[in-house]
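For reference, the structures are reproduced in the following blocks.
You will see subunit A twice below: alongside subunit B first, and alongside subunit C after that.
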Partner chain A sequence: MSFVSNLLLATVRMAVPLLFIALAELYSERAGMVNIGLEGLAAIGSLVGFLVCFISGSTWLGILCGALAGIAVNMIYAVATVSLCADHTVYGMAMNIFAPALASFIYRVYFGAGSDLSQIELMRGIGLPVLKDIPFLGDLLFNQTPMVYIAFALVAFTVVFFNKTRAGLNYKSVGEHPKAAATLGIDVIRVKYLACVICGALAGIGGAYLTTCYSNTYSEGTVAGRGFIALAAVIFGRWSGGGVLLACLFFGFCDALQIRLQVASFGLPYQFFQMIPYLATIVVLAAIGAKKAGPKASGKPYRREER
Partner chain B sequence: MEHISKRFGDFYANRDVDLSVARGEVHTLLGENGAGKSTLMNILIGLYQPTEGKIFLNGKEVRIESPSQAVALGIGMVYQHFMLVEAMTVFENIILGGRNSSGIFIDREARRKEILELSERYGLDVELDKLITEISVGAQQRVEILKALYHGAELLILDEPSAALTDIEVEGLFAIMRKLIGEGKSIIFISHKMREVLHISDRITILRAGQVVTTVDRAETDGQALASMMIGRELSGSHYEKRVSKDRPVVRLDRVDYDKASKHNGLNGVSLEVRQGEIVGIAGVDGNGQTQLAQLVTGVIAPQSGAISFDEKHVAVFDPSAFIESGVAHVPEDRNLQGLIGSMSVADNLVLKSTGTSAFSKWRGLLLKKNAIGDYSRKMAQRYDIRCTSVDQDVRSLSGGNQQKVILARELESDPSLLVAAHPTRGLDIGATRFVHDQMIAARDRGVGILLISADFDEILEMSDRILVIFEGQIMGEFSGENPPIEEISLAMTGR
Partner chain C sequence: MEKLKRSLTAFIVPVLSILLAFAIGAVIMALLGASPVQALQYLLKGAFGSRANIGTTLSRATPLMFTALCACFAYKCGVFNLGGEGQFIIGSVAACYVALRSGITGPAAAILCLIAGALAGGLWGAVPGALKITRGQNEMIISIMLNYVATLFMGVVYTNWLRDASVPQTEAVPEATQLPRVVTGMRFTWALVIAVAVGLLLYYFLFWTSTGFKLRAVGFNMTASRFNGFPIKRYILTSFIVSGAIAGLGGAAELLGTQLRLINGFGAGYGFDGVAMALIGQLHPIATMLVAVFFAALRTGSTTMQAATGVPTSVSDIIQALVIVFSVAGMALVKLPEFEAFRLRVFGKRGRKEGVKA
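The block that comes next holds the complex of A and B.
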């Protein structure tokens, strides 16, 4: 029983950073912006989150600054792809190379090379009154850090936003058929920039979560491919809020499982277990990748006075 | 709209255009491709800004800087290529962008009621909960019209609305249009289909080369008069001597079909032949199967039924390289996409087709003879008047005319028996056009059979020894190139 409940507890905790990053991509792609630079955005978010928290002692301030850093870096991508109509893949990749290097650079400059691992105090869990006393589920869902609640609330908001609101419908139309949206008076460029702000913020928060709520240190490779797994989660989740939640829980479960199995050992090298989340990603993408059903105009530049 | 001009670089898409549309009328804009109809409408809808000129609405001057402003002013447009989000339902498409409703959430019940009222009033029958991909093209068009009305359109622009419709659907569209003007809406109808124009219009404005020819009442005109105003020229006589070839045919098409259900991208029972030493001109408005015809005769696509023969030999294998070997040369319709490799040099482009010959390489193309290629290219540059700083220059950096000369040099030097030239002078200035024409006539006189496909009617009249008219994938008639009957041909081009 404790194996199962520990596993599920870990699943939730592992799923949350993925969830933030995957929602970042969801908001981006729904406005037609394929942003593969999530890994980079999360990396800068994790560093800034850690650093600000280290200096100020406030995890909340760390997460806020992580979000701002994500936005700032993503604006490079936004200007290049929205205003200058550059290739989304190239700039996304550029951010994946640039941002983690920048993060490591800042870390070394601040702490100096070869210094001991600096640590911060993690964000504390807050149990929700009454709810947390529900047996089993209470610990699992209602005795977590506030960031977990925020992530799940964000999923609910996303589902309502895209399906029930006028603004959400207009937002989606930009990713599907920007010309049609423009003829109906929707400001396509503004929506796309807004998408990049949301994407940068959420990916930055996802990264900051890793250093302020999950592990209490920063190291190179903190993000560990979660940006790419989140990308897969959006496809696996069929570009919908609920789907992305399930996909992230699935990948989170794989991650949690591999840690449990590592502990349990069985005499196999631990690297084999570490492969599980990535293998799951490949298997899932191979299985469902063929039927692409994402936003129609995703990844295509939008030019206004095109003849 | 008064004195509207729109310039793209040095090119005037519209020049000093006046257009006035009264309440409750169907006003037709008639003109060939590239006459400036779409540009004018894009100005009215706020997608383009006019270089000069003013727009008045109900007597007041307005500036329309964006489509949303046009919508707010009550101008709605139904584009030729529908602006519908395929992954959304009909209902969602109609309310998209809606500013005439407030609140964060979508009040489905209220919106539905409004839409259903409108649809009943104008007879616009649509299924609100279907996805766009699930409904027919005619229904999609009704959605577009309904969408425009829902957003408060008083003036409706219909850009070639009948292009994608079946005949029955066109009848339905006309019924809707009559109902709309009956309710006091105004319609600008864009078309080049004579029958429809005569059927539905109240007044007709003819555009040619970006300028207004005239505006006439429907009652005071007929098809012939409109066609000649649209094509717009008196017989000027050709520079070139026409000839009637009695030699053997180099290519013959016998009842060739390709995707014949498609009016714009197919061929339907096409039979034609091109003899040695003659130019056969294919006249027609763009997008009536010309692209497919050129691709068939050059082996890019295979016919679905019917037969093609070269020099009286039946062709069984459809493959461009086999066609090239049997002596087919091709000046393709898009020189940058199909004719040239932009990032390669002038010299390389000149020998692209003949790198395997002993003149340019050792061991069948294994090792290129760079010097021989350079010498040959300089000779060609001189003979074909290709103006470049060096033959090693990227072909992309040449002007359109010089690019076309590179293609022409390559194709004609391959000593073809058939030359397929698709829009060979599109976008070229007068000098380059003249040069291309001279070279084609010289090739004809050497005995090359030439199939000239062009949407430029002048070019067809100027060059052709025989003229065939293509409309919706079918050959509408054959005319002599000597003293061609212009009005008959232009009527045939519009499907009569």
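The block that comes next holds the complex of A and C.
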């Protein structure tokens, strides 16, 4: 029993950073911006989140600054892809190289080379009154860090926003058919920039979560491919808020499972268990195939003058 | 004339990006309290200041050339192979097995290792290629996931299966099997010769053969190529396999020439660096190799710079990253119609006069 409940508890914890990063991509792609630079955005978010928390002692300030750093870096991507019409994939890759380099540079300048691991105090969990006393589910869902609640609330907001509000439908139309959206008076360029701000902020928060709520140190491999797994989660989740939530829970479960199995060992080298999330991503992508469900104008440059 | 203009832009944009990146690098150095001029001098000296330093730079450029050519080749066919690192690592693992477990040593073993590396890399590259053409799946995510799997698999090899006693690393490749240095006193080995040969071969194949032309056509416009009756899927799969084989060969060559044993961090980052170099080199094999030398020079030189001036080596990583950020944005910028209009407004007069003369 404790194996199962620990596993599920870890699943929720591991799913949350993925959820932030995947929602970042969802908001980006819904406005037609395919951003594969999430890994880099999360890397800079994790560094800034850690550093600010280390200096100020406040995890909240850390997460806020992680979000701001994500926005700042993603603005480079925004200018290049929205205004200069650079290829989204190529520029996303450029960000994946640039942002981690920037993060490790800042870390080394601040802490010096070869310093031992600096640690911070993780964000504490807050139990929601009454709800946390529900047996089993209480500990799992209502006795976590506030970031977990925020992540789930964000999913709910996303579902309502994209399906039930005019603003959300307008936003989505930019990703489906920008020219039609423009004729309806929607400022396509502004929505695309807004999408990049949201994407940068959420990916930065996802990265900052890793250092301020999950592991209390920073290292260069902190993000460990979560930026790319989040991309897969958006495809797996069929570009919907609820789908992305389920996909992230699944990948979070894989991550939690590999940690539990490593502890249990079974006499196998631990690396085989560490492969589980990555292999699961490949298997899932191969299994769902390429049903085109994403925004139709995703990844395409938009130029106002072209008709 | 149009072609000349295009190749001139293709040359100017990366060069300007490099200058701009160095300018920002210099500002960072100044902010860190060092003299940028002095730091850059040491950087240059460290990279090219002596025969030995040039040798080290070329030695460090070798593996980068392989992963850069790997990325370059796949992208020429219109697919994004971000799995160069995994293919490089799997190639080195295969080579390591042949070198340590086949029982033979000497040049024959070295050749066998290189073949094994290329095969393993090609096989690793075939996975995303096959999933792309059969399942229509995103080759980028798959190839990146395989990077992590390859790195972990290499971890199993050096911490368990081929572990050298108590240290988490494999035994060294026997001396007879190692790739020797080309020139005494300079660190680079025959691996560099192989890399350059691969690069020249790719250049010949891509630009001087009809198959190479078709492959580029697929990369340039997949839909048009399909209507032309080109077997797109076969081209995609083949380019993934060849691209993976180049990286795998690189992993094997790096193991036999420089690293000699598998250890934590082997090959880390080479895949993405390769993509960056290929993009800065405008996907031209020869330019890509030159960019690899430039990247390697930054890395070798930055060690000297750090020792002499205290500017951390990671400044050179920033410069590298800025070069890619600027050059990709720059290439997009010059393609914009607004830029063309701007260019005509500034240089338009002269252009019109020439037109009159002609």
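By definition in this document, the second predicted complex is superposed on the first by the 305 of 307 C-alpha atoms of A that agree within 3 Å, B and C clash if a C-alpha of one lies under 4 Å from a C-alpha of the other, contacts with A are read in each partner's own complex, and residues count from 1 in each chain.
Operating definition for what follows: a residue touches a chain if its C-beta (ideal position, glycine included) is under 8 Å from a C-beta of that chain, and two chains touch if they have at least 3 such contacts.
These figures come from a predicted structure and were not determined experimentally.
Visitor: Given the superposition on chain A, which partner contacts more residues in subunit A: subunit B or subunit C?
Guide: When the residues of subunit A touched by each partner are counted, C comes out ahead.
Visitor: Going by the contact rule set out at the top, does A:105 touch subunit B (first), subunit C (second), both, or neither?
Guide: The second partner, subunit C, only.
Visitor: Once chain A of both complexes is superposed, is A:52 in touch with subunit B (first), subunit C (second), both, or neither?
Guide: neither
Visitor: Is A:223 contacted by the first partner subunit B, the second partner subunit C, both or neither?
Guide: neither
Visitor: What is the contact status of A:247 with respect to subunit B (first) and subunit C (second): first, second, both, or neither?
Guide: A:247: touches no partner chain.
Visitor: For A:231, is the partner it touches subunit B (first), subunit C (second), both, or none of the two (neither)?
Guide: Second partner only, subunit C.
Visitor: Which parts of subunit A are touched by subunit B and by subunit C alike?
Guide: Correct list for subunit A: 305.
Visitor: Any idea which subunit C residues touch subunit A in the complex?
Guide: Interface residues on the subunit C side: 32, 80, 82, 127, 131, 135-138, 140-142, 144-146, 148-149, 152-153, 155-156, 159-160, 272-273, 275-276, 279, 312, 314-315, 317-318, 320-322, 324-325, 328-329, 331-333, 335-337.
Visitor: Could you please specify the touching residues of subunit B with respect to subunit A in the complex?
Guide: Residues 8, 45, 47-48, 66-69, 71-72, 77, 79, 83-88, 92, 95-99, 101, 103-106, 147, 151 of subunit B touch subunit A in their complex.
Visitor: Can you list the residues on subunit A that touch subunit C in the complex?
Guide: Counting only subunit A, the residues touching subunit C are 36, 76, 79-80, 84-87, 89-91, 93-98, 101-102, 104-105, 108-109, 113, 224-225, 228-229, 231-232, 235, 269, 271-272, 274-275, 278-279, 281-282, 285-286, 289-290, 305.
Visitor: If we count contacts the way the header does, which residues on subunit A are in touch with subunit B in the complex?
Guide: Per the touch definition, subunit A meets subunit B at residues 164-167, 169-170, 172-173, 176-177, 179-187, 293, 295-296, 304-305, 307.
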